[in-house]
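Given below, in the form of structure tokens, are the structures.
Both complexes below contain subunit A, partnered by subunit B and then by subunit C.
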Partner chain A sequence: MNRQWKNHLDQLIFLGPACLLLAMFLLAPIVVNFLVAFTEMAQTIHFDNFPTTRQFEKLGKLDSDALFGFELRRSFFKALALSGTFVFFTLLFFNLSFALILALTTTAMPERLGSFFRAVWLLPRMSPSVVYGLLWLWVVDSSERGLFNQIWTFFGGETLNLRLDFSMAVIVVSNGLIGASLGMVIFTSAIRSIPIQLFHAARADGAGSFALIRYIILPALRWPISYITIYQALALLVSFEYIFLIMGPARQTMTMAMLSYTKTLAPQIGGGQYAYGAAIALILIVIGIIAALGMWRLTKMDRLLQRPRIEVR
Partner chain B sequence: MTPDQVEENRTIKWQKAAIRSRRRRHWKLAALTIFLSVVSIPILLAYLWMITIAFTAKTGGVETATLWIAASILTPTLIIYAVIHNIEDLPNKRRWGWGLIGVGFAIGVVLLWDEFHLGNFRFMINPNLVEDIRGVATAGGQFPWVWEAFFNSLFLASVQTVIVVTVSSFAGYYLSRFAFTGRSLFLQSLLVLQAFPAITLVIPIFLIVYWVGLVNTIYAPILVITALELPFFIFIMKGFFDAVPWDIEMSAMTDGASRRQAFRMVILPQVRVGLIAVGVFAFIKGWEEYVFVTGLTTGQSYTVMSTYLYYVSEDVMGVDYGIVAAVAVLYLLPALLLYLACQKYLTQMTLGGVKG
Partner chain C sequence: MFKKVLLGAALAVFGSMQLTPLFAEEVTIKLWSRADRSGPLRPGNIVEAANQMNRMFAAAGSDTQVKIELIETNSKGFDDDALSLLKAHSVGETPDIAVAAHEWIGSFVEAGLAANLEGHIKANAGMYADMIPQLWNSVSYKGERYGVPQDSEIRMFFINNDILRAAGKSEDYISSLPGLVEAGDFTMYDWCDLAAEAVKSGAAKVGWVHRPNVGPDFQMAMASFGIDIYNEEQAKLQITRKGLVEYYGWLQYCVNNGSLPADMTSYSWDSTHAAFRGGDSMGKFHGIWNVGAQLEAFGLKGKEDYFRKLTWIHAPPAKKGGQPKNLSHPIVYIVGDTPNKDLAAMLVGMASQHVPNTAHAVGTNHTPINYGQTAMPDFQERGWALIAGTPMLKYAEFMPNHAKIGQYNAITYTGVQAVETGEMSPEDAADMVLEELEVELGSDVIILD
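Moving on, here comes the complex of A and B:
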């Protein structure tokens, strides 16, 4: 066996399986989704009437008088607005602010106690999604048996139907409790990687806790924070699993991702309108590709190419 | 004034300053602990509730009293646990902590002994849950035994873990060590793929799985989940391989090992921690999978734990909280134990170890 041939064989053995899997279930689907979005595929899996823009006409119609040259249909506009609200509040309150608070507080205490609290906050992420969804269903149960209502009525309130009356708050908090842990882990390790001498020097110069946070920790967290912002905004925009498990196909929480899912593959209620779902997914995919490229550019992710950024001690 | 007195007035009272500063640190720590405990209680309470229901609820209702007894034991235990950790020069902290947990558990057992029963776990020995609850010959009598779902889940998660660990360590090693044309392009596209939200592709993935004839087989979710997680795991493994010095490999090869032998016998043992971390993540992902299991099947061709629990809670919910909670505990336990056992690897992951 000559040398070059052997090198190619090596490459095939080591990279081949990864390439095959990625091509088949990650790259090909992007192309397929693009094609399907321009068909009328529904119920049966045929490429009917390719190409057609029928599906996109369900989302909005061209209108030269409108601001952007097109006018969105009501249902789609509502989905868009719900997606925006959901992403904005979850990101702001939990995935960024609360994650930062958790990272700051748990790193300011003895290591074992801090990691105990971090473990508690990772619990929802590590639990199976159906279990987590079930817990939420029981917590917000509208009868007096629901955990929230047990506490609420104890303090003299009337029983509340949170799923019906505060549906957006329910999905924001339920997704936020999971989302906060990712930021927490990443911010924690970023804070840990700050040289300890900096803190000692600042302390010796008379800096208090808040000065330390403001002038040492936050500047060091600039790039992780921007990374988390984009990454989590994207993840929340496309996520539907917990919304579906907790809210079902409720109208008040029909975000874009939920709309695409419930019209196609959702168990029992999925309508098999593949082309319509694919058209909505196409919008999310385009946003996803742009954000993924933007993240790579904006946050100098190419540093990853040189230096590994994961360490397990 | 004598020179001695002057000296005394000038010096800072170090002893006092140290005491003051130590006291301030204790107060700060106490405040932080209280804050974190308060915000963590909702999470802990919900899980505690599920566990108490599983072990105490009788058919037809939920005893709320047991939850409050359990909570009133848990809260002081937690507080004392935190206090113990805040005492600086206490020897054998770990032993104290475990002792405390033991005492709390014992008090709980004594107080809740009358309520405690294992009846809700009868689904584990009774193959026909629906018949048991609703009487013979009701709709949905085809409901499988829980162990079938359990072992399906175990199979799905394990096979997926093996594939993920193998493929990602192969690719990670090659990307870390070999120069080949297109390496940087490959790495960069991998980076973009890693950030790309793959869950948006559920519809076209269903179509592809349908075309290759894997719909309704358990291999479909195995392959799909593997592929979607790969870019992330390849990067983790590449990071671990990067951290292994070249010299080790070189000396192995000078001693006559081939490249592949060096990889297998010298390098792989060096990245054991990485293999564990990737394996645990992959297993938990496979164990919990719901969307791609339900999405890639038409009808109910096989049951895994996620779909089992979902249908149990949908069908039986109003009737019996206890059984649903017991199923949930059985489902949660393996993932939880694995997570607790390997927690030290997982929580230490730094940037690049990103999952959304």
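Moving on, here comes the complex of A and C:
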């Protein structure tokens, strides 16, 4: 009996802090968000009229003629579409492709030079987000003072207003350049773990650089790519920090996460509708869970996390 | 025994003498105000009123002392600050006095935050007898007063005369503009045409600029297009599709003719100010408190210099023969519904007297709250711009004190964004805004057509 209690105590000491942190910072916010979404909490932060579906009724209405039996409100549909576009392109072009290119090129260089370039690419991640946002505002400034326009006009182009005419591209590139560094670090470490003999053997068999990438590196990167895809897709889905800093509450970049922020906490643009924002966030959580499970199945991530079959004697 | 009793009594008397100051009543008044460089004396005048009250108590031999506990917030604007104030109230941290934008009074009353000041104002009629009567409308909610105006202001379209001169306009034409607007002979469309002409002639880089975010200025322009946003009888907000289409149509016209930047709604405040004060823009749609910064930016000295450089006009009417519009957006003191509300209201009354209010008004370019202030030497010497602006209050309207006005403004602003950036036609933007208003505000808004 004593031994059993001691076991329980050990488990509590060992796992307790982690469980407490999980409960406080991951589960509790979701539970609170869930409950608030079914109230009419507004400016006075009172837990009014629980439970009510009033907030969800603002996002769409039942319609028997519609394809899925309900019709989304235009702004909400637009926010969904913008979120999808933003996540898809940032993930495809930057968090995966560009990160992979960075990892491949910096590992192909002499080690010290490669480390230097990787460190440079990590700089945006290390700088405060407001500084990064300000730099981007200077880059995309619509006057001839903007960095992009300085370069563009040097080559004979007319000044462009990127925030107005290419707003989605601006948030994709700005988020992508900062997000690529994570993939770069993970992919670099995976490439480094490939036994060097494999490369020597392939070279001896006459393999070129592309063949090395195609037949040795990419198969080894399968799990890191799957992991980065799922992780970054979820991160981008709820990301609004750089969008808000660079674009403000512009309609062209009003993604789901931005919509939730502007309806609740954003200053001077109609905040204070906490239950409404919570309802939008709840839908984001559901979309995130479905997307994560879908990609989990699609990439067969369960095989990565299963018990290793190697027997250690 | 007797000696002991005597000693004990002496000690008790001595002790009580020593302890008297400890028992003096100290009343702490919590004062909520955002740190705002456009009005440091808004809380400062309350602090000075408390000092004066303490001197009165001392003169009357009372030990009561009033202490002001200043809760200075770093909110970005008055809307942000009002939301923080409501949150503080919800968790039982209601301040005794708060400095706020008047249109939030409806929310404050509904939340049980603001005390009804009718009794206080009537009982102390002498303190408020000289108040400009129209300003009381800004603190009234459902027919009763829940605040005291702290300052008022007047909004206008500023015109850079030098740009008009460079565009070939005569002095006679420039000086006739305010009169033309008053007479209804210069419309909102004429404004955009004039600005476009300035850009085309090369005299201006930008035609005109408006605020880059949600705010009261837009109500002035909406009023020009016949949108009366408040139904006083039903105490509800209201809107018309026709008015919205015309209002958004005008903005589209201005963008299309090159007078208004298409990305105006994504400007920062700094770049908005810089466009006008840097001499790039012919016009700017804002308010009288800009005068100080304009004097500095353009290097102007005094009234004559200023009006040679700049002209003020109301928001012109939408159509020829119509009436111009203006808007005043007073900042107000509200008194929290707390046990100290009577004392807090007296402090507000003292801070609203001519001398302290003039120190704020002249120092920060806000129009006065009392008639007599304009006769004061300080006003005559330093407040020439405010005296010049006061007649413009003739056409002034106020934002309605409705609990949902913040949401209403934010939604109508999304239409401005959609039209100016070319995302939607005026008709589509109006439909989108009406849908949003109906969904988010429900029965608080009446769609008139």
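Quick note on the criterion: the second predicted complex is superposed on the first by the 261 of 313 C-alpha atoms of A that agree within 3 Å, B and C clash if a C-alpha of one lies under 4 Å from a C-alpha of the other, contacts with A are read in each partner's own complex, and residues count from 1 in each chain.
Just so we're on the same page, a residue touches a chain if its C-beta (ideal position, glycine included) is under 8 Å from a C-beta of that chain, and two chains touch if they have at least 3 such contacts.
Only a predicted model underlies this, so the values are computations on that prediction, with no experimental measurement involved.
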{"item": "Contacts of A:L293 with subunit B and subunit C, given as first, second, both or neither", "value": "first"}
{"item": "Touching partner for A:I269 - first (subunit B), second (subunit C), both, neither", "value": "second"}
{"item": "Subunit B versus subunit C as contact partner of A:A28, first or second or both or neither", "value": "first"}
{"item": "Touched subunit A residues, subunit B compared with subunit C", "value": "B"}
{"item": "First (subunit B), second (subunit C), both or neither touched by A:I196", "value": "neither"}
{"item": "Contacts of A:A204 with subunit B and subunit C, given as first, second, both or neither", "value": "neither"}
{"item": "Which of subunit B and subunit C A:N161 touches, first, second, both or neither", "value": "second"}
{"item": "Those residues of subunit A which subunit B touches in one complex and subunit C touches in the other", "value": "45, 137, 267"}
{"item": "Residues of subunit B defined as touching subunit A within the complex", "value": "28-29, 32-33, 35-36, 40, 42-47, 49-50, 62, 64, 67, 82, 85-86, 93, 166-168, 170-171, 173-175, 178, 180, 184, 186-188, 191-193, 195-208, 210, 223-224, 226-228, 230-231, 234-236, 238-240, 242-243, 259-260, 273-274, 277, 284, 287-288, 290-291, 294-295, 305-306, 309-310, 313, 321, 324, 328, 331-332, 335-336, 339-340, 343-356"}
{"item": "Residues of subunit A touching subunit C in the complex", "value": "43-46, 58, 73-75, 137, 142, 161, 163-164, 247-248, 250-252, 267-273, 276"}
{"item": "Contact set on subunit A toward subunit B in their complex", "value": "10-11, 13-15, 17-18, 21-22, 24-26, 28-33, 36, 45, 102, 105-106, 108-110, 112-113, 115, 117-124, 126-131, 134-135, 137-139, 145, 147, 150, 177, 179, 182, 185-186, 188-190, 193, 209, 224, 227, 231-232, 234-235, 237-241, 245, 257, 260-261, 264-267, 274, 277-278, 281, 284-285, 288-289, 291-293, 295-296, 301-302, 304-305, 307-313"}
{"item": "Residue ranges of subunit C touching subunit A (in the complex, touch as defined)", "value": "75-77, 79-80, 82-83, 86-87, 89-91, 107, 111, 213-215, 262-263, 265-266, 268, 403, 406-407, 409-411, 413-414, 417-418, 421, 423, 432, 435-436, 439-440"}
